[in-house]
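First chain written, first letter: the chains are A, B, C and D, and each begins at residue 1.
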Amino acid sequence: MSIAADISVYPALRVAVVGAGYWGPNLARNFAMSTEWELVAICDLDLERAQNLARKTGNPAVVGSLDELLADYDIDAVAIATPAHTHHKIAMQAITAGKHVVVEKPLADNSAHGTQMVQSAANAGTILMADHTYCYTPAVLKIRELLAAGELGELLYIDSTRINLGLVQPDVDVFWDLAPHDLSILDFVIPGGLNTRTVTALGSDPLHAGKSCVGYLSMELESGILAHINVNWLSPTKIRQMVIGGSKKTLVWDDLNPQQRLTVFDRGVDLDRQKMIRSDAEDRKGATISYRLGDTWSPALSEFEPLGLMISEFAASIRGSHRPPTDGLSALRVLKVLEAANDSLAQRSHGEQTNNSQTLVMENQR
Amino acid sequence: MSIAADISVYPALRVAVVGAGYWGPNLARNFAMSTEWELVAICDLDLERAQNLARKTGNPAVVGSLDELLADYDIDAVAIATPAHTHHKIAMQAITAGKHVVVEKPLADNSAHGTQMVQSAANAGTILMADHTYCYTPAVLKIRELLAAGELGELLYIDSTRINLGLVQPDVDVFWDLAPHDLSILDFVIPGGLNTRTVTALGSDPLHAGKSCVGYLSMELESGILAHINVNWLSPTKIRQMVIGGSKKTLVWDDLNPQQRLTVFDRGVDLDRQKMIRSDAEDRKGATISYRLGDTWSPALSEFEPLGLMISEFAASIRGSHRPPTDGLSALRVLKVLEAANDSLAQRSHGEQTNNSQTLVMENQR
Amino acid sequence: MSIAADISVYPALRVAVVGAGYWGPNLARNFAMSTEWELVAICDLDLERAQNLARKTGNPAVVGSLDELLADYDIDAVAIATPAHTHHKIAMQAITAGKHVVVEKPLADNSAHGTQMVQSAANAGTILMADHTYCYTPAVLKIRELLAAGELGELLYIDSTRINLGLVQPDVDVFWDLAPHDLSILDFVIPGGLNTRTVTALGSDPLHAGKSCVGYLSMELESGILAHINVNWLSPTKIRQMVIGGSKKTLVWDDLNPQQRLTVFDRGVDLDRQKMIRSDAEDRKGATISYRLGDTWSPALSEFEPLGLMISEFAASIRGSHRPPTDGLSALRVLKVLEAANDSLAQRSHGEQTNNSQTLVMENQR
Amino acid sequence: MSIAADISVYPALRVAVVGAGYWGPNLARNFAMSTEWELVAICDLDLERAQNLARKTGNPAVVGSLDELLADYDIDAVAIATPAHTHHKIAMQAITAGKHVVVEKPLADNSAHGTQMVQSAANAGTILMADHTYCYTPAVLKIRELLAAGELGELLYIDSTRINLGLVQPDVDVFWDLAPHDLSILDFVIPGGLNTRTVTALGSDPLHAGKSCVGYLSMELESGILAHINVNWLSPTKIRQMVIGGSKKTLVWDDLNPQQRLTVFDRGVDLDRQKMIRSDAEDRKGATISYRLGDTWSPALSEFEPLGLMISEFAASIRGSHRPPTDGLSALRVLKVLEAANDSLAQRSHGEQTNNSQTLVMENQR
């Protein structure tokens, strides 16, 4: 599998982390611990915050502005962990300066911005990668491996639940807050990526907070099957579960069950194909389905820090071994579904008077 | 609570069970055991099947036709457990003959039929009741009691999951097979019943069986909140779970956990109302939400046979103490949502070319 | 595996059930449904109870005394489901009359009685079998199969928990009430049966009920490993769990988890054997143990009525295909451990003054 | 409750941490973060390890010997986190120098050493405290509170399970490795502390590692009830569960279930006391027990770092507000049970030839 990075003989790559707030420290810590990277600088408008972070990560330089960082420091790459609406501006400046860029999720605040970032990086010949951290967890890597190997057979349905008691975010609704995780994971594990025909979103704001706090996102995938995501900030029980149903086996990922995170059910459902072939359309509707109850299997998962693997993949991509598994295009597919969900919600809201459609038919995204 | 039936001093009511197939034996057995009822006859076209059932239920008469039953036997009531598409005809004949009628779910195969049954029973002054058995389980009765007492505060959202590996039914899709349970329960527990503004259904037929095998049903209730139901015949894991989120508390019903079927989380989410009052619309969007982690409580549930309570309620209704909690009107509300789901699915299917709406705006159902 | 019984061409064997109380109806129902058996009579001092049971099981004869049954009815076998203290007398009479006998657990009220029954049956050339029903469940049969195949490697420890809120029995303590299940299962699944070196019992009677309501039973098996059983009538949580730890794999049987009753952990613990060989005794104590985290596997289990298989095995034994897997000797081994537990408890109670041993060294039981 | 420490107006107490290995960093970090403490020095023979720790904890002094620490630094207290067999020597030296001392568990490697430490501290008028960290977790504090308030009624039994796949320790067996947690918790939560009449230990060494890897420890408490602890290094499933059964309610603590760590079952078992009073001893044995199935309740638990509370309690004790809840005497009671377990194991091992007792009758420990 292409994910595993080789420990290389190359000299360490030089990186700066921009943003020392919530996520930046995690990135900085991992860069500091890696032999493939040298953490050169922490950049933040808040110099004290940057200084505090620098102290815990081997005392890289502390820089107060992006201009200064790009002008004065010899770096190969920039890791951006600032608020989402600033990603585009910072990334574009770094790309223009010829730097490789990894961006905290979401890639950008809209797909136009994201598209521009992808194109600029392509033009500049630099790597643009999204830090979709979940994709580098042992469980998700195993899911990707199983799907790539066709272990589940044809996919039949996907159902993901990500609910908990969460603070209402000031700037985004529950879709933009939580669904990027599910969407980036789907893009990562589905062979060929997340390509949707239609997107339907249903949101609810029972607290009158001015934004959806409960959300259901349904996607008809190119293969015709339905993928469904439930996100919810108001649930007292925390659930992180994804079910991927296949014609041969079905996989359940329960991220909150450390003793059995992944379970593969060797239980298949079959139409009586013999009958179907012989019969006309009417009969086919009556075709019986049989099911088979086989063993259940839970693969052992190794343990490592996902962020460590992510930055290792970033390094490998820069050195040309392969495109990053969560590259800019992948992140763009996620953004486009989120925008389609926005549109679906807006049309529905309009539709309460006019009864128009709330389903957004997606253009081909590739 | 009005559900509990008095053991009465009345003479036993006389009942016949029509249909000795899958569900009829359960009804017959409970009528036979009840002191409020006398099981007079089993009626089935298949006389041998009827005879077998009669032997196990105290040897009531065995009758081969409904005409004969209604003409020759002195009965107060008829319990119908035949295929759904025959409910209307049998019930109408029994009502016309002045009999009280209880019908296995669904009440009828469409709402026009159901409406006619309701109206005829009203005109004839007979009781028409639906055997929504789940509503008479200890867990659902307790949920109804908690909601009636306002224990959860304002309802914020409802989410129900009913999935398992199931045989594809020859005559109905997964919505009509499984969702009547959820819908009848919702109608039973929500104060005022299940009244929907809009119904959106998304179905998927990944096996090409000619009908939905995976379904999502979303309802905007009159109160504005979203109720969501997930039904699925293709899931290797069996889940029977309903979450009812309230402004004060949230309830989780896990029907497959006999040791803790109902859990009430005293965890609330609050907008900073003070801030909201002072602020204009823009600020309100930024209002912070705080949450409170309180105790969890799981009420003890008594144990009894739901069907025994159901037929006791049927008797009490006939004797005039109160309308049955799952009367014809209740069953009709369930039918109308299922029909709206049908329409939503049909429009969606059409809409894939024309991009029309798949949401059905419901007329006021009361 | 020898458990599976052949559907034979023999004429049905003729059986009478003695005792129509709690367990007799289950036996009678299964005999009545079996094509290998003909249920000839129900025998009970309480003729009305016997009559009621006969009505539900195809109307066999109803007999009020054992003498009459053995004298007047042409039967091959007797199934005894009377109180434990009557097992010996009834079984001896039936064996003397040349009948094959199956006895509800426990085989007898003490091992002297049990031994006499075993010897008499051997002398008479009749089959004596114990109805250790649990042994014929799909889960236990699978455990036996896995252990017979050496799937777990060498056994390292066994731990069984059988606790719930239960009524204090008038005639037996918690050991005699619940532990026969665990003991008969262990005898059934351990290759070679349950052979113990020492038995230690610790009981507690915190309610002053005059008998142990909480019990711990530890057995040193012939192989040197420890098997431990916890039984408890006072636990508000119900647990039915057995762990069998092996050098290669470990098996967990959770009988209350229908979705994953059996789980096999491919997780081994290894001493650094290399080091052990080279080192002297002192060093050996410091030998490090490494552990391996492998996959988890849960075998599919078929579904059938255990009692149906038990009576089928009884028939096969009578017809000479093989000894019953839960024969009199097996039941005797269970009795002897229970008696050793009694002795351990008695010595302990004495020992509080005199400080004598509470561990009973078992004579060789074979 | 006496556990909650007041935020005081006293100047910070001055402390040194001795031992920078596994546990020392946790202590140092908490002292460094506390406003009640000033971390003055880290003392370790391995100066580099001490230096590394000092860098992360505000750069206290780094000292290579205890003599130097006690001679040259102005400190109030010493926190000892060195190997168990060195606790006694280090603590005695610190106590002699007039320092307050907190010691990582176990207090000492044997009870004679522990007794000497307790007496010396008493003579010197200094505080001697054991770092029984578990006792300062929200769950254990809540259990203590519930038991102190008599919420469970009379205690009936206690059962604790602490099993997982663990490395065999070079210096201690599974009892000394794991049971100190259970014992210190029991001493903390049982009103009056852990006072045992007899201790019975059964150990097993199926891997021939030279020490018990599977252990069962039963204690008859002064109240006459049984407390049972199961520890196991060879279990592929990890369990951390304690059940405390009471006459009114029963408590289950499942430390691996973050969503419902504590559950209180309002389920009681009652002997028919009326009958017992009237009846003689024989009848009493037949007294029936009834049980009641009430609600289940799971209290909300606050979240904080237990070690932070522990050092806060240490400070409060020094300032004279109250004795530390896990003082030297408490730790000594734990040591004495572990030694009694040793004796029980030794006698058992001897007893296999001579059939002597393996139960150790405890002297009164207070």
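Throughout what follows, a residue touches a chain if its C-beta (ideal position, glycine included) is under 8 Å from a C-beta of that chain, and two chains touch if they have at least 3 such contacts.
Source: prediction; values computed, not measured.
K.L.:
Farthest chain from chain D, going by mean C-alpha coordinates, please.
P.N.:
B
K.L.:
Is the number of contacting C-beta pairs greater for B-C or for C-D?
P.N.:
So, comparing the two chain pairs, more contacts are at C-D.
K.L.:
Measuring centre to centre with CA averages, how many angstrom lie between chain B and chain D?
P.N.:
53
K.L.:
Hey, how far is the Cα centre of chain B from the one of chain C, in Å?
P.N.:
Averaging C-alpha atoms per chain gives centres 44 Å apart.
K.L.:
Using Cα averages as centroids, what's the distance between chain C and chain D in whole Å?
P.N.:
Distance between chain centres: 39 Å.
K.L.:
Can you list every residue of chain A that touches 2 or more other chains, as numbers and ranges?
P.N.:
Each of 237, 293 in chain A touches at least two other chains.
K.L.:
Applying the document's contact rule, which stretches of chain B touch chain A when the two form their complex?
P.N.:
154-157, 159, 165-168, 170, 198, 200, 202, 204, 206-211, 214, 216, 218, 224-226, 228, 230, 232-237, 243, 245, 247, 250, 252, 265, 267, 269, 271, 276, 281, 284-291, 293, 348, 351-352, 355-359, 361
K.L.:
Show which residues of chain A lie in contact with chain C when the two form their complex.
P.N.:
Per the stated touch rule, the residues are 260, 266, 293-300.
K.L.:
Quick check on the complex: what are the chain C residues that touch chain B?
P.N.:
Residue positions touching the partner: 56, 237-238, 259.
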